[in-house]
Amino acid sequence: MSTREDGRADDELRTITITRGFTSHPAGSVLVEFGNTRVMCTASVEQGVPRWRKGSGLGWLTAEYAMLPGATHTRNSRESVKGKVSGRTQEISRLVGRSLRACIDLAAIGENTIALDCDVLQADGGTRTAAITGAFVALSDAVTFLRAHNRLADPQPISCAIAAVSVGVVDGRVRLDLPYEEDSRAEVDMNIVATDTGTLVEVQGTAEGATFSRSTLDKMMDSALAGCEQLFEVQRAALAQPYPGVLPGA
Amino acid sequence: MSTREDGRADDELRTITITRGFTSHPAGSVLVEFGNTRVMCTASVEQGVPRWRKGSGLGWLTAEYAMLPGATHTRNSRESVKGKVSGRTQEISRLVGRSLRACIDLAAIGENTIALDCDVLQADGGTRTAAITGAFVALSDAVTFLRAHNRLADPQPISCAIAAVSVGVVDGRVRLDLPYEEDSRAEVDMNIVATDTGTLVEVQGTAEGATFSRSTLDKMMDSALAGCEQLFEVQRAALAQPYPGVLPGA
Amino acid sequence: MSTREDGRADDELRTITITRGFTSHPAGSVLVEFGNTRVMCTASVEQGVPRWRKGSGLGWLTAEYAMLPGATHTRNSRESVKGKVSGRTQEISRLVGRSLRACIDLAAIGENTIALDCDVLQADGGTRTAAITGAFVALSDAVTFLRAHNRLADPQPISCAIAAVSVGVVDGRVRLDLPYEEDSRAEVDMNIVATDTGTLVEVQGTAEGATFSRSTLDKMMDSALAGCEQLFEVQRAALAQPYPGVLPGA
Amino acid sequence: MSTREDGRADDELRTITITRGFTSHPAGSVLVEFGNTRVMCTASVEQGVPRWRKGSGLGWLTAEYAMLPGATHTRNSRESVKGKVSGRTQEISRLVGRSLRACIDLAAIGENTIALDCDVLQADGGTRTAAITGAFVALSDAVTFLRAHNRLADPQPISCAIAAVSVGVVDGRVRLDLPYEEDSRAEVDMNIVATDTGTLVEVQGTAEGATFSRSTLDKMMDSALAGCEQLFEVQRAALAQPYPGVLPGA
Amino acid sequence: MSTREDGRADDELRTITITRGFTSHPAGSVLVEFGNTRVMCTASVEQGVPRWRKGSGLGWLTAEYAMLPGATHTRNSRESVKGKVSGRTQEISRLVGRSLRACIDLAAIGENTIALDCDVLQADGGTRTAAITGAFVALSDAVTFLRAHNRLADPQPISCAIAAVSVGVVDGRVRLDLPYEEDSRAEVDMNIVATDTGTLVEVQGTAEGATFSRSTLDKMMDSALAGCEQLFEVQRAALAQPYPGVLPGA
Amino acid sequence: MSTREDGRADDELRTITITRGFTSHPAGSVLVEFGNTRVMCTASVEQGVPRWRKGSGLGWLTAEYAMLPGATHTRNSRESVKGKVSGRTQEISRLVGRSLRACIDLAAIGENTIALDCDVLQADGGTRTAAITGAFVALSDAVTFLRAHNRLADPQPISCAIAAVSVGVVDGRVRLDLPYEEDSRAEVDMNIVATDTGTLVEVQGTAEGATFSRSTLDKMMDSALAGCEQLFEVQRAALAQPYPGVLPGA
């Protein structure tokens, strides 16, 4: 019998849904849902690269994460109005960008930039891991778009899939994919980003209140990696459908 | 035979859709669609009022409008990252706030603030008028929420409905509810905000390239006011459904 | 018998004064007075255009409006010190720029920028409309300066005069050219920008507290357009004098 | 025979004009002219003091200096739009505040703030010294205003007059009150602030290109102090006229 | 035979030095050196806590990390002058604060704040881990200071020591405590923060270019934890000396 | 018998120490100590010059002054975190840059920039004058570095030494080199910057509370110039040692 408020087993993911073609302007536009957490992930293709990269022949991939004001239980104030981006937001934006750059050969896209935007429409824990998982699908669609427009030097620039999940210690138990109710009182909070080739991209574990042992770290890794396997399944199923937009010659 | 690219008559609105309960945290959460323009409008209730209004016994209503980076054809850069809000964004935020304050008795809500957030998920012209039209429905839901929690001094603080529509001169013809394709080459661009009691809240007409005659102004007013009548119908139909969230005693 | 505090009839302008050559560095420098409202309007000619316009062969006209700290009854704090420009200031700056761009052929001035600065020395209502009315005269002088220096492709780049006036509903009556005392308690507040060829450039009407009927809109338009006719007379009289600065060959 | 471009002797001031009551809202409002340099100096009385001074029973005097965009030969960009105040502006604002605080007993004005605003309408060298000289007169009028409203603990809180002048080495000669043409190529540039009781408030001398000897410093001091004597005369003459605004019981 | 440029074995730390009493104003002031990396860590005690924590009876510990402009090979520009703190700086500041909060009972220090400042004087890789290791010693001294001034509710508020070290994969080998030369070309980069009771506070591993296997993660953990044991020794030796400042009754 | 708290005679400097090669990355790196005031002064050589100077063939020298948070008795908050540089900081940065530019021929260094950074590690009065005195030594080392790398057009671009000292009136007596305890209650506060050829670069005297006579100015000048003579001795002794870093061919 589960001790989790939503009835899940400790190692069970929430319902994961990935909707491609959520909006139509960007080359990739995905709505990803981890239970009640909903993130809109878009991948926009822009000509050119940042100044420091000009003339290198290499492309660039950048990411920005943000929370809509109405996404949280209590309204969170808008960072554009405050005039600066919080440390948390910057940290997550950097994490998303780093994670997705791990799967793509930037030489293959030439001097173009793929801008990933992950905007949280509704937050219920695990927004950054949902963002990464959804952004991979948006990125895949942007690559399909570039390929169809003959803008790729190498037709398969993506070397592996990327997914991410949270895991933590709550009520003394290792639990996967924490909703806000668990996340806010977790003793340990961890996010891992993995590839579908079995390797790791990023491991971030943080003690919240209590420190944790090496064996707890191991258990969290086991649970998170198993969770990622399921996420890769959902991504694959979503990407098995045809590109949701209009492509040349289509 | 229509001369508009999307086949509409000059005085015809696009398909208007209003979805209540689009997300679940805010007291009011609405997705409004004017054709391909999609705006998420939330109304959050916050205790207290801005400092300058404290002790007045009056509530406050504020609004913020923003465009998601992926909402436009070409990605628009994020204002939080640029560190400041553009003049256009501020202008529209002020317009939305002013327009909605015209329909509500702020004494009735006591020293509480209703924060309206209008975030454009997809832009295809007329985002500010869609935002106002949707925000009215979100506001109505927030008032229902306050009433159910016994936080209203007067149970009917809303005196009328508010809707808005764009109108303009394109190809020398007065046309209603301009999509981006028309808006971007309009000779005159106008937005009007009206009440369902037949009065005006805001009239903003701007010459773009060519100036316009008094009689053109009159024709634009006729078309826009007729359009608003239809918008009030759609609002009424949407609000005829029960409150989409959970209320005490419900 | 007038019911206005300053003894004017409802459709009467305040005393309007336009002083050219108010300062000597800018190509155009005008002090415009609408009663006690005093605005210094300068037009500076700068080589080059903003980056996005380079290589177009077209010039640019930009405008900035600001209020000196001592201009108002109670000192208003300095926006440079606060580190940001308020929404109101940006809105008015954009309005002034848009209004004046309506009268000038930017191809004729080549890749030069005319920067209009409207600094309110003393505020008593109607500062934005005074600014527009005065800026037109400063702009005319800047064009005279450019012509005398052989920097115009077309010697007559100005196609019409531009003037603006406020109108509103105060004490239930439509009144022209509101001073602060009326403006601060107006039920409806409207600004119109017109050309001396009888057309409109901008119409902005806002309900303040009470909404307004279509017939009130019509009455306000009548009054404002009549007011503009008188403003064009004052502009013409001022511009009938010789250029106040030193021109080559003069 | 003078070697100065404007025909003055080396130790001669430009024509100095002080106009009180230049605008009517602030308690003190002065236009000061040093030749073509024109600065509007206002003194506004505000209730209360900055947070760090609350409860001290002492008043405060603060100053802000700024340059209008059109004040200089080539338009200077607006600091509010740039979003920050330059080092030069801050330095001068601090100098003006410090200089004027030297003549007033802040205990006598109670917990009120006198805000001095010095806005340069036209710049031709020596704007900071003109600002200080004019601000003293505006401050005197603000004190008269406070006295007439019975807001002074001590009826004579001003202990001395304050004036300032620039001096420098140009073409190897010590010259007083440098216009822009001399200031921009001066080898040494100095500003002194003095009292009419013969003492010094501030001495700021800077080598520009060449360093300077102790004896040059002495000559510059002689010239500047003689210049200040004449400025005190002009201030006295201006203040001999009645207060330009309306006072209670007047 | 070592393959590292500086002759160290793969699992060998650089020379670690901790100097207490480096400056005299703060309650704790430490210079920590990891080879050529030198960080000044100060712990300042301030009365009061941030607004959101007032009235809780709990203290607060905050941390800020920064790099002096001359600390790096090529000068890095000053963040105060740029007007904003980079994502990297914020991320490290948050990490330092979180890490040190793991060892202290904030109830014991009452409503006081301990501000840790970690300023890098010279950077040669591993600045964040050196900062954490040094900050622990500065924090210990600040606690000694508070105890001597009878400002602690519990005389032993620190529950364990905190140290941190970097580890990574360079040239395909797991290496401890990377200098800049290795860090800049590492395939995997990891920082761990541990306690001297054998538990973990923070684990952050990032693939740079190549992803990494679970077994590599394990090897990095082994190496880093062994390194931390040595750091705890150096901390203990440093803290075995008397408090370097003046205490009451001393 | 001395009346100064630290036992010095009125015209006596504190112990002055100059340590070259304090850190190793910058071309010049100096720790300067005036008693307990300790400032790290680095001189970094950067290729290129600011945009406005490009193509002139001239180099540039710029300076930035800052205070570490832990440098003062009570922690001072970090300007990067506040997001802006205070007026005081900007004023001192400008003073340091101006002062050092007085001794160097910028044509001789070609289109390179020397960036001086003066970071106060511990503050006890006179930080700006210590910064200037130390920065001269760091600059000399940077010039040695440039000469050794054959990057100088003229091998001796430095024309004189630069030193600075504070002087003031405390307890009615003219005193040299004020520590914080005296500085904070000084009646007059003055900083002078001089050359070892007997000339002045900058003279800044400010009345704090009381104004001062011309003869007091003279006495302060005498004392400060005598103090500078001793500072030049300390600089010469420090620079008599070999360059502390590695130079080509050395």
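Residue numbering begins at 1 within each chain, and the chains themselves are lettered A, B, C, D, E and F in the order written.
Following the convention adopted for this analysis, contacts are C-beta pairs under 8 Å (C-beta built on N, C-alpha and C of every residue); 3 or more make two chains touch, one makes a residue touch a chain.
Per UniProt, the chains are A, B, C, D, E, F = Ribonuclease PH.
Computed from a predicted structure; not experimentally measured.
The minimum number of touch steps separating subunit C from subunit E is 3. Chains that touch both subunit D and subunit E are the following: F.
Of all chains, the one whose mean C-alpha position sits at the greatest distance from that of subunit A is D. Each chain gets a centre from the mean of its Cα atoms; for subunit B and subunit F, those two points are 59 Å apart. With each centre defined as the average position of its C-alpha atoms, the distance from subunit A to subunit F rounds to 51 Å.
Distance from the subunit E centre to the subunit F centre is 32 Å, each centre being the mean of its Cα atoms. Under the contact definition stated at the top, the residues of subunit B that touch 2 or more other chains are 83-84. Each chain touches its neighbours in a single ring, whose members, counted from subunit C through subunit D onward, are C, D, F, E, A, B. Across the complex, subunit E is touched by residues 23-26, 29, 36, 38, 40, 42, 44, 46, 64, 66, 68-75, 78-85, 89, 115, 117, 119, 121-123 of subunit F. Residues 84, 87-88, 90-91, 93-94, 98, 102, 160, 190, 195, 197-207, 211-214, 217, 221, 225 of subunit D touch subunit F in their complex.
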